[in-house]
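Residue numbering begins at 1 within each chain, and the chains themselves are lettered A, B, C, D, E and F in the order written.
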Amino acid sequence: MRILLLNPNTTASMTEKAAAAARRVASAGTEIVARNPARGPASIEGYYDEAMSLAGMLDVIRTTPDVDAVVIACFDDTGLDAARCLTDKPVVGIGEAAYHMASLISNKFSVVTTLARSVPALEHNLHKYGLASRCARVRSSEVAVLELEEPGSNACQRISDEIGRAVAEDRAEAIVLGCAGMTDLADQLAATHGLPVLDGVSCAVTMCESMVRLRLRTSRLGGYAPVPAHKLAPA
Amino acid sequence: MRILLLNPNTTASMTEKAAAAARRVASAGTEIVARNPARGPASIEGYYDEAMSLAGMLDVIRTTPDVDAVVIACFDDTGLDAARCLTDKPVVGIGEAAYHMASLISNKFSVVTTLARSVPALEHNLHKYGLASRCARVRSSEVAVLELEEPGSNACQRISDEIGRAVAEDRAEAIVLGCAGMTDLADQLAATHGLPVLDGVSCAVTMCESMVRLRLRTSRLGGYAPVPAHKLAPA
Amino acid sequence: MRILLLNPNTTASMTEKAAAAARRVASAGTEIVARNPARGPASIEGYYDEAMSLAGMLDVIRTTPDVDAVVIACFDDTGLDAARCLTDKPVVGIGEAAYHMASLISNKFSVVTTLARSVPALEHNLHKYGLASRCARVRSSEVAVLELEEPGSNACQRISDEIGRAVAEDRAEAIVLGCAGMTDLADQLAATHGLPVLDGVSCAVTMCESMVRLRLRTSRLGGYAPVPAHKLAPA
Amino acid sequence: MRILLLNPNTTASMTEKAAAAARRVASAGTEIVARNPARGPASIEGYYDEAMSLAGMLDVIRTTPDVDAVVIACFDDTGLDAARCLTDKPVVGIGEAAYHMASLISNKFSVVTTLARSVPALEHNLHKYGLASRCARVRSSEVAVLELEEPGSNACQRISDEIGRAVAEDRAEAIVLGCAGMTDLADQLAATHGLPVLDGVSCAVTMCESMVRLRLRTSRLGGYAPVPAHKLAPA
Amino acid sequence: MRILLLNPNTTASMTEKAAAAARRVASAGTEIVARNPARGPASIEGYYDEAMSLAGMLDVIRTTPDVDAVVIACFDDTGLDAARCLTDKPVVGIGEAAYHMASLISNKFSVVTTLARSVPALEHNLHKYGLASRCARVRSSEVAVLELEEPGSNACQRISDEIGRAVAEDRAEAIVLGCAGMTDLADQLAATHGLPVLDGVSCAVTMCESMVRLRLRTSRLGGYAPVPAHKLAPA
Amino acid sequence: MRILLLNPNTTASMTEKAAAAARRVASAGTEIVARNPARGPASIEGYYDEAMSLAGMLDVIRTTPDVDAVVIACFDDTGLDAARCLTDKPVVGIGEAAYHMASLISNKFSVVTTLARSVPALEHNLHKYGLASRCARVRSSEVAVLELEEPGSNACQRISDEIGRAVAEDRAEAIVLGCAGMTDLADQLAATHGLPVLDGVSCAVTMCESMVRLRLRTSRLGGYAPVPAHKLAPA
């Protein structure tokens, strides 16, 4: 099985970090094909970056046909619905994957993401998915995405502090880390705080494996009807 | 006052039709600046077209700075949130404008749009805006967007039939027409069915005029925080 | 165009203050006809005052036929639904107008109103309109309505303090002022806090102008069916 | 114990019918004091009638102090919130009483009321009370309130037909009769359709008895804070 | 009339305390038949205890046929839905009874229960009943159920402190005590805090009396369809 | 890896059918340990059966310690919350597994279950999980659970007919089969209707495998706090 791990931003170090996380949890027979668009935003922080990354990331899907499933490795699940119109192979966003998984091991979870500007988009996603009632609060740590790539930053400590507040104030039973760049912090934070801390990349990879094994494909009726051929011609 | 009427698809005849509707309702001192992107989908029918039109439509906003407000003339309010990060001038989508206006003259309204594939995106918008409880049902007439541009099609009759069903089955008190291309049908359909039929283009134009006159601007706190300068460089 | 600006309480100074706000934003050709009932509560603070003002305010509408639209200038939108059964001309409450406008320029807003006793009625309205999900919190400043008419009170400071809390605690991106008597404070508070502060009177006036220009009228189907003639006879 | 049975409309025959229903279920020591306002609408069908009956009905409460609880015998629970500010004695509307009781004996109920124009007000009440999720649908039988007072009308048959549709289409497990004038039809309709059919008058009377016995009084904090004395002076 | 007061746990002192509370409010002609299962958990604190008490408590219902109604005297309304399939006599949980009653005397209430582990189950119940929007917050006092049976514990003070926080932080207008073992504290706490404090046992008993007097029985359609005879054979 | 496939009813043929479905999708290294309680209901159809099966099924979990995860193979997710208090190993219900998976491949799905009496419990689950907004409708086929075990019944045809109605009336984009006994029908029904048809058993097995591989465990904070040792003694 081959899974396209698609980082919608152009920062190769984040693509590699996510790919490493994916490979740690993938089954023996699964190959992780890690890609990011050549052009577009270097980080996705809010509505505008999300919009500007879409053409590039959909192009990666179109030009990487030889895979069995797609993981969208940005926590706002960039382009998820559009991607599902482009292919009926399973497409899973790391945000939704983490929300669904967290719902199976806690009554309520909180999300700790990067900047305040990203919070409303995540709240909209939670409402769209139906899981808003399971999320106590979406919190921002005010750690910028690219700070997570800088060795020596105190990003982890600030995220940890925010988790502490989520447990005390939100009565959160689990924490979802709200950025693909936080993927390597999950185990340590779980140990520190004594509750499950979920990383969306690893959740999404195993969900894709499940869906491929179950031969589940995106419905072609209604909102995910396939894009007509004449609209798929290169722009 | 100058209002950018931005059709996110590339079909110039639709841009012109929407501009004509806008000019019919605009105040004496308002100039309608009608634009559409040079490249992108010819019609927006569902998630994929929406995604593929974003870069182009945001580029039009960036390169048309000398306006006081922006109307996004596609009923799925393409790129609305991203546009609000790009400028603090009022940005109003024709979908949201019609939903808000319909909420002021009816207890419940139904939407009659084009294809079934567009319905879930509109339902998500209604939930995001908070107005889902005011909408009895989003209905598709199975009239494709570009059919509305063809003289002699029976599109108007099929839309009218769907309105009849909305009144009978949904107990709708008003109808929102779910496509910028239907803008010229509203008066006739209102007369036929004896209830308000709202066209989003005219609603959005007058709302923008109001907001400019009230000097209301999009908040710069939270989700619509301005895009950092280095991210605005041409892609 | 003539717009009836109807203050449902009997305090003429509030009627005048609201009329002045209305005239500041009205278009050149719009005449503001300001009225209040002769008898009834001097201020509307909670459910009981609202109920006791209804007969008087509906009587003003009945006896002021020569207008094109009606603005109900009390923030709890007193008698809004009943007024829409009495006439099919646009009727807009200042509460709903501000909520709808705030939804176009922020992801979430908070309301700062007068007394705690008024909060549940406003929360019910937000739910009825569908916009509760857009409102972070309805806050009371514990400033009584008539204090706002007293020169030299510290009412403005207390309202400003509450706005500060709304930004800090609710993550509000905009503020709606929850009383017609606060209409003259909006600009100053917006400047102080650096976010949009909306006054319902001016929002409602421009919305009415839009609706008149668009020839939108309240639906006669369902809940706003016209009152039968025999029920309109003077009581 | 004395319970004020307050019919907010001026039709004495309806007051008597409701009083008879109340007396049938009242405990031995309970006296039913039946009243209606001297002036106001003869029937309450929709928002306008409701508004016009408020001053009269609140006046009855003010001038009938020697009771232990108040039943508001109109299915739209006219003036319920205002009445609770006027007295801390239990005040129960027949609509809410029936909804609460129906929630204790069914997973979902439907309401069968009089005219379509009354439906949105009832839907708003259900949302306000929180019980909208328990109500499958509010249905109108198109039987006017005063038809229920006419011997020989086919009103009962039309209501029965609507109940049949509620069972078949809504999967309703119980029926709430949506008008005080239907109070005498409940037993027969329950027998015909083989499911519980609830009349709000009898539900409200026994609930008031319970609350008096439990010495429960309306909270004086927040929205039901008592009306200040100077506002209670006769208008 | 005979009402089965069924304590689902095996602690006889709690059964007696609840029975005493029931007898204080019951009508002259009502006999309270107090029972608890012989085997099962000694206290019900969370999902597991609830599950383990079900067979025992349903067995008490099956073997106590000669009653007119059933009160389930555990605040999580243990086995409520199952009991309604077993008999069409009124079955009322003390949690739901208190929530419904509190909705009649306040705009919003808060619940003060025992341990944090019980909170999610109560929140689920509130959602199921439809009354979640009426509840400001479910709070735990961290008083274990059996502490309430210990003379000299400071349980009442800790519950009182939590009520203070509910008033200050939640703007609660009434308090629901979230455990059958708190039934004797209600009056004192109401006096201390100056707002209604509801005990579910007394609410449920009077509701059952009402339902018996009204001859209301659980619907046999849909979810409460009677259990087939062959499934009622002793296990 | 060993997964306990726990059928909460006592019908061994259903246990075997579910085990066969589980083994078809399990990974090479996964052993399926299929169990059902020795005593309890032979089928779970509604609230009462669910309650009566709980002690038995929790006993199976307690006495089968040597597994890595638990699948509860009844579509109402019998005892799910209680099981999560008993062990921190992943516990997944087949209902929730199918709902979560269906949310990843469709905008809206419908459920087709057995009897009408089971519908409300499933609707409650959907609300509790947060996924009610993703489910268009829960439909009953009026096929009893044990009919699915009878060779030669027309159960499959009736289920297929109901799926046809779900597509036509609900605009469902995917179908969830609402009974563990339907597990062998999914592929055929998907082919017939041209949309995804999900079987919860296979969804739950692969989800458990994912969770074990990710080392995700149920949170021990809040509602799933571990059962105290003294409450785990044999009853």
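Everything below uses one rule, namely that contacts are C-beta pairs under 8 Å (C-beta built on N, C-alpha and C of every residue); 3 or more make two chains touch, one makes a residue touch a chain.
Predicted model only: the values in this text are computed from it and were never measured.
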{"item": "Shortest chain-hopping distance from subunit A out to subunit E", "value": "1"}
{"item": "Same vs different contact residues, subunit C with subunit D, by half of numbers used", "value": "same"}
{"item": "Centroid-based (C-alpha) most distant chain relative to subunit E", "value": "B"}
{"item": "Separation of mean Cα positions, subunit E and subunit D [Å, integer]", "value": "27"}
{"item": "Between subunit D and subunit B, distance of the C-alpha-averaged centres to the nearest whole Å", "value": "43"}
{"item": "Shared interface positions of subunit C, touching two or more other chains", "value": "84, 107-108, 116, 119-120, 127, 133, 171, 222-224"}
{"item": "Chain-chain contacts as defined at top", "value": "A-B, A-C, A-E, A-F, B-C, B-D, B-F, C-D, C-E, D-E, D-F, E-F"}
{"item": "Of all residues in subunit C, those that touch subunit E in their complex", "value": "116, 119-120, 123, 127"}
{"item": "Contacting residues of subunit B [partner subunit C, same complex]", "value": "25, 27, 84, 90, 92, 96, 100-101, 103-108, 129-134, 167, 171-174, 194-196, 198, 202-203, 206-207, 209-211, 213-214, 216-224"}
{"item": "Residue numbers on subunit D that touch subunit C, as the complex places them", "value": "39-41, 46-52, 54-55, 58, 79, 81-82, 84-86, 116-121, 124, 127-128, 222-225, 227, 231, 235"}
{"item": "List of subunit A residues in touch with subunit E within their complex", "value": "107-108, 133, 171"}
